[in-house]
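Here chain A shows up in two complexes: once beside chain B, once beside chain C.
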Partner chain A sequence: MKIPVTLNGTKTILDAHADESLMKVLHKNGCPSVKSGCSSGFCGTCTILLDDKPAASCKIPAGIVRNCDIVTLDYFTKTEEYSNIMAGFQKAGIKLCGYCTAGKVFSAYQILKMPKMPTRQEITDCVKALSPCCTDLETLVNGIIYAIQISNKRLKRG
Partner chain B sequence: MAAKKNSSKANLRSLEASGFYSDAVKEGCLYAALIRSPAPAGKVKSVTVPDLPEGYFMLSSKDLPGSKSISANKTVTKIFGYGNVSYSGEPLGILFGPDEEQVYKLLDTANITFDVENLESALNNVIKQQEETANFKEFLEQINEMPSLNEVIDKSHVEENPNVVVATREIKYGLYKTLTLAQADTKLFDNADFTSTDTWKEKLLTPKWQETEGAFAYTEGDTIHVYTPTRWTSFTQKSVAQVLNINEEQVYIHKTKSAGIYPSGLVRTTQLAVQVAAASWITKKPVRLVLSQFEQENYMVPGVLTEITYRTALNKDGRLKALKIIIDIDIGSSNPFVQEITDRIAIAAASYYKPENLYISAKAHTSKNPPTSISMQIIESQAFFAIENELQKISNQSKIFPDELRLLNAHNAPESKDFPFTIPTGDVESVIQKALHESDFNRKYASFHMEAIDRAEKDSKPFFALPLRGIGVATAYIPSGYYGQTSFTNDTKVEVTLSADEKLVIHTIKPSEVIQDIWKNSAAEILQIPKQNIQINSDFPYDQIPERPEDSYSSISIMNELVKKCCTDIQKKRFHQPLPITAKRGGQLAPRNKWDKDNFCGTPFFTTSFITTVVEVELDTYTYSEKIKGIWVTMDCGELFDEAAARRTLKLEIQQELNMLVKGKTVPCDAINISFIQSSNRSGQVGGLIHNSLPAAFSSALSLALTTQLTELPCTEDLLFQLIRDRTKEKNETKKSESKGAEE
Partner chain C sequence: MGKTILYAKNAAELIKILNNNPGTKVVGGCNRIESLPEKFISTHGIKDLSHISRHERYIDVGPGTTLSELLAIGQTHLPPILYEALNCIANPIIRNTATIGGNICSENHKLTLFAPLMALDAKLEFKNQTETHTENIRNFKAVPEGFILSNIRIPLVDAELSIFRRVGPEHTITQQSASFAFLADTEKNSLLNVHLAFAGPFTFHSKEFENFMSGRRLPLSQKDISQLEEAVAEQFQKAATDQMITDVMRQQFFNLARYSFEQLT
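Now for the complex of A and B:
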């Protein structure tokens, strides 16, 4: 089945079975950041931005993403938001293992996009289901708060 | 000269893990899946896949160009099963092709034929003999002389007993040394003030978020490149060469990161790497195999299955009169490290306690379960789970506070002079007291305990309106540098070179980033050079890769001491001789005679880190959902190099552990409190301490809340319901018998 999508800013036609998980299709199509984890949509290792919203690609059949805008971490690393998030993570002492990066970065991105300043509890609720493979919850929440601060500072400067 | 230099560089192999094997890409990659045995026993006759489309391949044992099996510590592992099947799910072949979905469809059509001709051949043998006897009378006469069916039947398919004891360890102390087992038991338990008997089981779960095991391989001319999360590069390299019948020089093992929390990366990982390497080598195409979550959970289980039975006798004064420990270890179909596992569990079964009389009998046996492996950080965890729960149980019975009981029986009890083990723990008393003080343990424990007794005596209903509460404590150590190694010779080596431009290169296997940082800080301080001038190099010529698994290099204390000694050596020579200066160190740091390998006694470890964990639990009796109100952790790991990093490690491990306590869900936790005590003990590792202590503290707390003993982890809602129901049933029966007695 041919599935036309915009993958990482480029119009592409994915060749996949309609019921194949989007995670597998993207991984095969040169997006190594989309990784296989719990396959239940919780751990976050397969997170992508589907029409600018974080989504667990392991639970999405490839057949339904026709004409969607897909951004994976491989491409997102070139954005300013990514730099802000990573700066915040670094400040909190987070050293990501590389397997869970997509889930943590895209969750932070979603929080950064919130129209109001989230409370610590709101941030915790957003990220508590992510895999605790390399970063504990408290440090991750600290990293996101730092990322918000850095992002706000840059916005003010801009 | 230049050419020589280049060729030697090409022969270097990096032992630094980078990237993930599942991310390795090559054009025309084929996707693989393993054909597994559907039966736990039987003789495999053939493995075929009918109607294999073009471009798809299937390999089994007979297709391997070299050795059909690999051997580690005298344990043979078949690359693909042949002959008798060892367990259900044993890989019998590999199926691979360009479309992953199609590979899985074809996998369902795989035809595995087992030898079922045994009875048939036996009858044939009888008929054959019958045909030879033409005369009926003669036949009648001879019929009694004929071999019986039992004799002619082909017994080659009959499995050898799968439950073979492969390792044992027996430890005796006190009366168990002088009397027979039965005599000692009678003397110690018959008149004891308090006794307890229970069996404890802790099953280690596989977290679902990790990268499942597998490998990627491709060929380039006469070389093969294998990407695998191995932690035993030398063995993987040797095995690939043996099975493909090529020189080790032609094999390039690219070590990838392991996202698992109980990394093993030893024989089972090597088996997968060899299977993929064979597929790639024979077809000359890149091949990738990624195990499914189901395969990971069922065939790559972490640790071994243990059942530890304690019989405890306690004096009124709180001294342990006797500990009789029977350990049953199920290693599955094989485990090359079985003796070391058995010994380490046996040592940890008594923890740091010194009872007046001790008997430990540990037996490891094979079974029809999948093979198991060793994970250095979690070997002892099941033993700590058992001993700490047993102590909590007898503390409840004797009404002696858990901290008092522990301190009374701690290793520094004066009367325990010839005890077989001396565990080098730090300041046990301060660690226990601090954790208990910070959690307000004794007050809460007394209050919950009274409430539990009251509830059990007055109300036998299984449901209560208010949530049940309980608090539990557990202590544990994690050792560094085990002296009684049976699996490997100790070839820990460090080479440090200071060059003329004041750049320092530490040549050894790269540890975790935290430990790298600690090494760099130590070296920078000793040699007075900037930290950024220090590099850690993990490149080795292919024929000089260390023979030990890289996992054993994680012992921070030994390696840190070796790095420090090398730097001190350089500093001494630095101003007397020209640069570059190289210093080499290796081997054991402490004298070997501390541990008597023959008599299995002495100080078994170089150092240990010690922890006390307190857990307060709340259980909703309507939903059976557990909630942790607080976790208090106090740790002593000697000199603390990086407190922030240690704190992060502990918090992370707590969070990981909260995922493993109850099957299928994460136990929420309101607060985590961590504190440190720095004793004069040698610095030890932090990783693994939580896994050794938190499960026992959790189950003790839950047991107190439930007023019944939880003997296994991970727990399930069904198990909790069953425990409450059993307790109620027991209570009702007691009531009935009491009222019957009163009527009579």
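Now for the complex of A and C:
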């Protein structure tokens, strides 16, 4: 079936079965950052932004994303939010292994978008279930806090 | 050949499509991709099924509301037991697409929110083309044929004692998964209202037991606890058959019930 979506800022028609996992469909459609991991929505490796919210593409059937706005890490790396997040991660000494990057970056993005400054506990709750393959939880939380600070500073300057 | 998906713009169209396409199942965020029905229609993107309206004594929530949207109402505006239950479901990434309707209407196995909503005495509203009817979640088995779940009314109960526990493996639903909820209110050193619910492979709620417990003087004595344990065990055994529940789960329920009673000593 034909599924119209906006993929990484471009209107696109995805050709897929309704029950096919969105992860596979995106991978086939030129988004190499969308990878298969645990297939349970926990490791974060298949994370995308679906209508500006992080979602596990391995758990989403392609059929339900009709007319949705999808952003993958391939495109997100060109944004200012990504630069802020990576600067925060770098400051905390985080070196992402590549497997988990989408989950960690998009989770940080969701936290950055929160209307008020989250507590350390709230940040921990948001990221504790992600794959801890290359970064321990405390360091990841530090990285997100640094990213929030960097983002706020840039906003004030802007 | 893959499965078939149908689309609706609003609730009225969804009902119409269900009537014209027998066998079509309504699904929520579709997080159980491996067990999708042959012909399905998702509440994803249907705005009039994703409402949240706050009132003085209750909140009305559309079944298409995601768990993240519900959590975003904030800890102070949700019953503590519901907030705790929402927070222990999967992770924020899954909660961004999983819906409250999907959690309630899961076939065969009741999911995490069911027990807290039973304890809170939530009401479910069903609609078809001509009529609307309301049912207490404690009596809910399945959405009637031709109807859709259109609203969930959650009373804003702030009980003095509120206990929620999820049992079974973390982050996944298996036959060992279940949830336990206990709410108690006191007045002048006696128990005013008590609500106890358990949901997983089957649901347990006993008005008889709650009446037996209500009105007792506080603090509860060891004798009271023994009596309550015996009474709840009797009611639980009546509701649960051996096919439904393992010995481990049965024991987990008894432990949680005893723990809850001990908080009133």
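Following the convention adopted for this analysis, the second predicted complex is superposed on the first by the 158 of 158 C-alpha atoms of A that agree within 3 Å, B and C clash if a C-alpha of one lies under 4 Å from a C-alpha of the other, contacts with A are read in each partner's own complex, and residues count from 1 in each chain.
Quick note on the criterion: a residue touches a chain if its C-beta (ideal position, glycine included) is under 8 Å from a C-beta of that chain, and two chains touch if they have at least 3 such contacts.
This one's a predicted model, so the numbers in the text were calculated from it and none came from an experiment.
Participant: Report for A:Asn152: first if it touches chain B alone, second if chain C alone, otherwise both or neither.
Facilitator: neither
Participant: After the superposition on A, what does A:Thr79 contact: first (chain B), second (chain C), both or neither?
Facilitator: A:Thr79 sits against neither chain B nor chain C.
Participant: Contacts for A:Ser40 in the overlay, against chain B (first) and chain C (second): which applies, first, second, both or neither?
Facilitator: Both partners, chain B and chain C.
Participant: Quick one: is A:Cys100 in contact with chain B, with chain C, with both, or with neither? Answer first, second, both or neither.
Facilitator: first
Participant: Counting only touches as set out at the top, which of chain B and chain C does A:Glu20 meet: first, second, both, neither?
Facilitator: both
Participant: Tell me the contact category for A:Ser131 with respect to chain B and chain C: first, second, both or neither.
Facilitator: In the superposed model, A:Ser131 contacts chain B only, not chain C.
Participant: Please identify the positions on chain A that touch both chain B and chain C, taking each partner from its own complex.
Facilitator: The answer is residues 17, 20, 40 of chain A.
Participant: Considering the complex alone, what residue numbers of chain B touch chain A?
Facilitator: 19-20, 22-23, 25, 100-101, 207-212, 257, 259, 261, 290, 293, 513, 644-645, 648, 651-652, 654-656, 659, 672
Participant: Within their complex, state which residues of chain A touch chain C.
Facilitator: For this pair, the touching residues of chain A are 1, 17-21, 40-42, 44, 47, 50, 53-56, 58-61, 63-64, 66-68, 103, 106-107, 110, 125-126, 128-130.
Participant: Sort out for me which residues of chain A touch chain B in the complex.
Facilitator: That would be residues 17, 20, 24, 27, 30, 32, 35-40, 43, 45, 93, 95, 97-100, 131-139 of chain A.
Participant: Enumerate the contact residues on chain C facing chain A in the complex.
Facilitator: Residues in contact with chain A: 1-5, 7, 29-33, 36, 40, 42, 44-45, 68, 87, 90-94, 96-97, 171-172.
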